[in-house]
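There are two complexes below, and they share chain A, which is joined by chain B in the first and by chain C in the second.
== the complex of A and B ==
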């Protein structure tokens, strides 16, 4: 890292620290009742207490599990369906308009439908999370498959490559930057929907923890849960960026 | 190349063409691109096709590659009708930037052809190294195409085509996008590679001198629709030399003839 980048990094940490300090000041001055707003000190204590008692670990594991299963299901289905639609012009022409209708549909609107059909179950959560997270992945895959350089298909033909080899050696790698970008967007969607499902269906997880803490006026626990959710979103997105960076090293060479 | 010797001894005395066009007509989108084209290319021959832009020379090459099927007539390879592309026919595209896989290194790009040919992975590494050395890219195995110059990328594409062990090598203006010095170097390399492998070559170019310098025979196409307008045998000694061949009276005579032909087609 060069000097300028280091300075920027330090500045961003300083600003974050400033926000925490401001939060502490507001809490100390009792501008908001401590019943609703704990200071960072109390939130931190609650966080440590939650982890040492083991409660938060299991809640965190629950949320991560919902998120991971939903996201993985969305990824597999999204890439598979996207590949089928994206590699055929006819499919794109016929199916794309229906997708455009479904895509902007707020996923929260289908939660009651899912509950009605599947009940307040893990299956319902999996369905809702996967349904919400599939769109960015599927649309990115369609775009990626549609944009494969036609010349490469000719190379594949003159090499007499099999259909399967063409998909795995030409189309998928060519579409991978789009697909990975879609998967990164979906990660956030999956986290949001995990929390929503936990709150609505009372499934074990941080969403449920946050809801119960709020109802019991345990504001420090509430904030501990919110902080933990923020950290989860941040860490998963950083991990995804690292994976993207590694998998797409060839793109860095291109620039 | 080990298999090269095997192929060479098939050549003498075999008049049967390796690639032949029999009254080939191709229509695309209601337009006749090529009309009634008949043509035979002997095994081991270096045939160059020239012509003004839009005369269908690239299309003719794509027909030979099996990437297009003729509307009427036949394209044969080794006496068999071509219905789809085959691995024994390799094609070097002009736009090397699009024909290489940007996510694979130089070694990986060559490997693609070996994988398609079903070579076991244990044998690939040595073969890749050998091919990269053959085209003058030793030590670049780990580079991505985007890290290479245009000339290097075109060498890489040629290496991938050689990995197919082609009987026929089709080249579509392969050096059109390269600067003059790089082009001359690659012309000589292609000549020595082809001499070593004994492959038949059909080479499309708009550079008249390049066609004479490389070819055993030069065919000039007339446009709208594409058909043969001139056919010249090139009786210049081999190996060719960038200076003395280009100063040879026969070279100058052929160049004049082709130049007049092109000028006439443009009027």
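== the complex of A and C ==
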């Protein structure tokens, strides 16, 4: 069984390699102008050159930094606000509908407002990323709190636990699958908004790098940046899955 | 129901009134904020000179075109992957390698290949819309009642008819859920592309208002974009309930 899975995986990699070869062929035959489409060889060279000169490292670090700060701020604030709203019936009836109303708002529309308030600065980027990433986390927390098994609350009441104890000992653990799912969604949002903010504000990062490369028609550098962004998206989401798996292991064991 | 929707309105109304009173009291002069009354006036003004309507048309056109293309591609791939396990396993690495690329990262590539305008925006929106449709329709096809497929086999339906008469109708409620998700993404991506770079539509309108130091107009655009997002969402939910009723709800949980 395991062997079969491995074989499938290898075949799948072979197919992917076939697509890369096809890309190389198209580039070599100049079917598409090399100004727009560098071959994988040139993209790879640009990637290696960027890393060995340290340029790409600093850009990657810049993007990861924007993403991480915005996402962490959103996680902390989102869980805290979500817990406050989710644990009180009054807040749920008064505040939650307004949040549902705001949810479908394309968050990038807040960027001009943030620029007007904070200028083209790091603070603006941080605000925008945190603002965009907070929604999935906050709404997931509210939902998770509302969906806690009612009998657990009854237990808490009969044990005369304080509200804080109820939140930390009962509601947060039982809402944690929802919260982590929200945090995973937010990670993608944070990456996209980081790139947009870097493009707009010229902040140090991969977004700025790909835009500059495009402006200068350095397509190999551009593709290297896009590949790196894809890798960033992939690695962060895999890391999040692993963390989710680890953190929720106790729940899987319970069921 | 009445009482709860009244309660839901309390907070936004209170915030608006408080903001208006505060702005009037301190004679607000700002590049980033404007009292609600002025925002409403700016919104009416933008409607009167039709600028916001033209922008809305451009944005919605790009979003709908991208959504349509992305849905067709995603659906074709999703159904193919759902039917053929072999194909799905063979393409797994390729799909997983392309999927995590953030749609907005394609912006510079689309920019140099297609230039400014509708085309590059549509391509980026389509790219973003492919993935939710692909993944959800693949799952939908896989979870089709096996007996339906047995019927298709017993009737000796050719593959095209099997897809058209059995698989798509059976998976449609869940495919629509994917379409609803993608519609929201299409609007978000379209506005984001416009804000980032494309001089077109609502996103460009709001950026222009900001650069012209017109906070009232900027916030009017923000309110209008929010209203469109909300209306789109409501429209999709209503359509889903009308078309599929309870059938779609069972697919919503996944």
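We adopt the following convention: the second predicted complex is superposed on the first by the 243 of 255 C-alpha atoms of A that agree within 3 Å, B and C clash if a C-alpha of one lies under 4 Å from a C-alpha of the other, contacts with A are read in each partner's own complex, and residues count from 1 in each chain.
Keep in mind that, in the parts below, a residue touches a chain if its C-beta (ideal position, glycine included) is under 8 Å from a C-beta of that chain, and two chains touch if they have at least 3 such contacts.
Here the structure is a predicted model, which is why all the values come from computation and not from measurement.
Asks: Quick check on the chain A-based superposition: chain B and chain C, clash or fit?
Replies: Partners fit side by side after overlay.
Asks: For the overlaid complexes, name the partner, chain B or chain C, with more touching residues on chain A.
Replies: C
Asks: Between chain B and chain C, whom does A:112 touch in the aligned arrangement: first, second, both, or neither?
Replies: second
Asks: Considering only the touch criterion stated at the top, classify A:154 as touching first (chain B), second (chain C), both, or neither.
Replies: So A:154 only meets chain B here.
Asks: Just checking: does A:165 make contact with chain B only, chain C only, both, or neither of them? Give me first, second, both or neither.
Replies: Once the two structures are laid over each other on A, A:165 reaches chain B alone.
Asks: Touching A:176 in the superposition: chain B (first), chain C (second), both, neither?
Replies: first
Asks: Write the angle, vertex at the C-alpha centre of chain A, between the C-alpha centres of chain B and chain C, to the nearest 10 degrees.
Replies: Between chain B and chain C, as viewed from chain A: 100 degrees.
Asks: Quick check for you: in the superposed arrangement, does A:57 touch first (chain B), second (chain C), both or neither?
Replies: Neither partner.
Asks: On the A-aligned overlay, A:211 touches which partner chain: chain B = first, chain C = second, or both, or neither?
Replies: After superposition on chain A, A:211 lies in contact with chain C alone.
Asks: Using only C-alpha atoms, work out how near chain B sits to chain C after the chain A superposition, in angstrom.
Replies: Chain B and chain C, overlaid via chain A, are at closest 19 Å apart by C-alpha.
Asks: Which residues would you name on chain A as touching chain B in one complex and chain C in the other?
Replies: Common to the two interfaces on chain A: nothing.
Asks: Which positions of chain C touch chain A when the two form their complex?
Replies: 4-5, 7-8, 10-12, 31-32, 89-94, 96-98, 100-109, 111-113, 184, 187-188, 191-192, 195-197, 202-203, 206-207, 209-210, 215, 218-219, 221-222, 225-226, 229-230, 232-233
Asks: Under the definition above, what is the set of chain A residues touching chain B in their complex?
Replies: The contact residues of chain A facing chain B are 149, 151-152, 154-155, 157-161, 165, 169-170, 173-174, 176, 250-251, 253-254.
Asks: Which stretch or stretches of chain A touch chain C in the complex?
Replies: Chain A residues touching chain C: 8-9, 11-13, 15-16, 19, 35-37, 93-95, 97-98, 101-102, 104-113, 115-117, 188, 191-192, 195-196, 199-200, 206-207, 210-211, 213-214, 217, 219, 222-223, 225-226, 229-231, 233-234, 237.
Asks: What part of chain B is in contact with chain A in the complex they form?
Replies: It is residues 65-67, 84-87, 89-91, 93, 95, 98-99, 101-104, 112-113, 115-117, 144, 146-147, 164 of chain B that touch chain A.
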